[in-house]
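First the structure, then my questions, so here it is.
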Amino acid sequence: MKRDVLVMLTRAPYGRVHVPEGLRAARGVAAGFDRHDVTVAFVADGVYAAREAVDREALNMPGHIADLLAEDGEMVVDEAAMAARDVRPAEIAGDIAVESGERIADRVRAADHTLDF
Amino acid sequence: MKRDVLVMLTRAPYGRVHVPEGLRAARGVAAGFDRHDVTVAFVADGVYAAREAVDREALNMPGHIADLLAEDGEMVVDEAAMAARDVRPAEIAGDIAVESGERIADRVRAADHTLDF
Amino acid sequence: MAHLGFLLTGGPFDSERWRTAYEMGRAALDAGHEVTYFHYLDGALVPVAGQEFPDCSDTGLYDEMPVEKFRELVADGAEVICCGLCVSARGIDAETDYPEGVEIGLLPDLADMLGTADRVISL
Amino acid sequence: MAHLGFLLTGGPFDSERWRTAYEMGRAALDAGHEVTYFHYLDGALVPVAGQEFPDCSDTGLYDEMPVEKFRELVADGAEVICCGLCVSARGIDAETDYPEGVEIGLLPDLADMLGTADRVISL
Amino acid sequence: MLYLVDEPMADLAFRTIAGDEDPRIALIQDGVLLASRAAAEVDAPIYAVAKDVEVRGVDLPSEIEPVPYDTLIELVVEHETKSFV
Amino acid sequence: MLYLVDEPMADLAFRTIAGDEDPRIALIQDGVLLASRAAAEVDAPIYAVAKDVEVRGVDLPSEIEPVPYDTLIELVVEHETKSFV
């Protein structure tokens, strides 16, 4: 059955595999038999990975993101988590939508399943 | 050469091996050839492990602590980290000395080597 | 009967998540539910055979080693799938390092679990 | 010449600490210093042979796998000791799973490192 | 909805719970250390995994009910569940 | 004394540094995200591991000097070192 899946990236990106491998999982479940609807949310320390200035190549992100977008996945970032870490909306990469803390919480409640990495 | 070694336990105890294995390392280096002077400091989330109420048996702590004390090791806990986590001095186990945040910082600076787990 | 899926990304020594996954799966099997595990990232290290720890408490986290707990779950009907890519990254030889019944899968297996399970718990 | 000791407790996929340990050791060897590593806890997973990751960036964390980095350090004179107890707990077979030159030790080796090294960096 | 709550994701968890009209909360792992905060912030049924409470020696506020794993599974099966673990 | 500082132990690190009359600080790993705090709190030489700064895209305050690993090792050999990593 096709599901609404929210994939939460919760950790600071560099030095661990969670952001790239979470993105790999996101596009993997978007591309599987059921073609789930997948949204990736950068939350908690994961918001650092949503910044334009991070070296996506060094983080092994570009291929997974291209595949995710090709499967109609979308990417959002939690403004409440950004504010707590002094990350400004202007710093966020253009392919990631800044959404309010309430909107992110709405997405968690509305999803059929959530995964976190 | 005999050294002053400060072993810092930094993580909440249950569910990971860092507290018991950090204690194992502490008594191991206290018992080695040089018989280093070893102090174990419960700092950051490690202060939870210094509470009287934790189940030391379930945390695999008693044997390592007995060995450490037999080697003249001592155990201290960081009051500043306790305060940040709402842990009161009355909650701390009797074999662990509560020391001020400044005193713990003094110990870090004075040690020949620090290890953290 | 419900179908519970667990995504386990924690390793055997750095968090309690493997143990929570075991306890919840154990209770679910006992209640007659269907249980599937997808082990991803350091979760692939959990069911590695040959784990030995000499002096752990009977009441503690390692009353038995993680691999023994998951061997038991497999014997009682749980499906345990480890992500093949994560297995290779960690230098695990699935043939010799995993107990019988632990399967190697890929992300489409996670996608299937998301499609069929009534509940998915990410640990 | 100085003697630098590193205590590494982080695993190969959960933090940058293995990579920092490598980079600092690499720089220390290049400057003519003596380098000893004591791998403890998940640090014992770092130099496990056979790690394969298909598609990592040349500029990233895994331009080579952790085991290759430590193989190189051993070849260039670093002493790499893995805690035997941690090795057993993780189901690692030291004979077949570690590259040549990676030694198995115990806590007295850590005590010796503390006694002889000019600097000890805990990672 | 049932929410499993551990410490690392607690901020997002409590924010999500705040917008739910009929939440149930199960504190799990180090999440049992949040017992006082949960009791103060949330007006809803709150459970805590008994094993996790016992090993950590946490004094639960009276409104939080310790539950064994089989009760936790009953809650999970009964309610849609979101995990913050 | 030279202090290596990463995020998880930052509170104890800055407290320890505050009582040192002649400290040097090297921000490392996610510790480079603390650049603004370090520059504001500490009146002492502050370094940051250049590779860690670059991959994270951190704008360093002008008083913090990015250093490669070989410079970091020179600093370690020159000064007693305490690690908060």
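We call the chains A, B, C, D, E and F, going by the order they appear; numbering starts again at 1 in every chain.
By definition in this document, contacts are C-beta pairs under 8 Å (C-beta built on N, C-alpha and C of every residue); 3 or more make two chains touch, one makes a residue touch a chain.
Everything numeric here is computed off the predicted structure, so don't read it as measured data.
Peer 1: In the chain contact graph, what is the shortest path length, in steps, from subunit E to subunit F?
Peer 2: Shortest path length, in steps: 2.
Peer 1: In degrees and to the nearest 5, what turn takes the CA positions of subunit A onto those of subunit B?
Peer 2: Rounded to the nearest 5 degrees, it is 180.
Peer 1: Would you kindly tell me how far, in whole Å, the mean C-alpha position of subunit C lies from that of subunit B?
Peer 2: Inter-chain centre distance comes to 32 Å.
Peer 1: Please report how many Å separate the Cα centroid of subunit D from that of subunit F, as a whole number.
Peer 2: Using C-alpha averages as centres, the distance is 23 Å.
Peer 1: Which residue numbers or ranges of subunit B touch two or more of the other chains?
Peer 2: Expected reply: 14-15, 17, 55, 58-59, 114, 116.
Peer 1: Counting only residues that touch at least 2 other chains, which ones in subunit E make the list?
Peer 2: Residues 29-30, 52, 55, 83, 85 of subunit E each touch two or more of the other chains.
Peer 1: Among all residues of subunit D, which ones touch two or more of the remaining chains?
Peer 2: 13-17, 41, 60, 85, 120, 122
Peer 1: On the basis of the stated criterion, which chains touch which? Give every pair.
Peer 2: A-C, A-D, A-E, A-F, B-C, B-D, B-E, B-F, C-D, C-E, D-F
Peer 1: Quick check on the complex: what are the subunit E residues that touch subunit B?
Peer 2: 7, 29-30, 33, 36, 52, 54-59
Peer 1: State the interface residues of subunit D toward subunit A in the complex, per the touch definition above.
Peer 2: Subunit D residues touching subunit A: 13-17, 19, 55-57, 59-62.
Peer 1: In the complex of these two chains, what residues of subunit A are touching subunit C?
Peer 2: Its residues touching subunit C are 1-3, 5, 17-18, 21, 24-25, 28-29, 31-34, 36, 112-117.
Peer 1: With touch defined as at the start, can you tell me which subunit B residues reach subunit C in the complex?
Peer 2: 14-17, 55, 57-60, 63
Peer 1: Which stretch or stretches of subunit E touch subunit A in the complex?
Peer 2: Against subunit A, subunit E makes touches at 1, 8-9, 11-12, 15-16, 18-20, 82-85.
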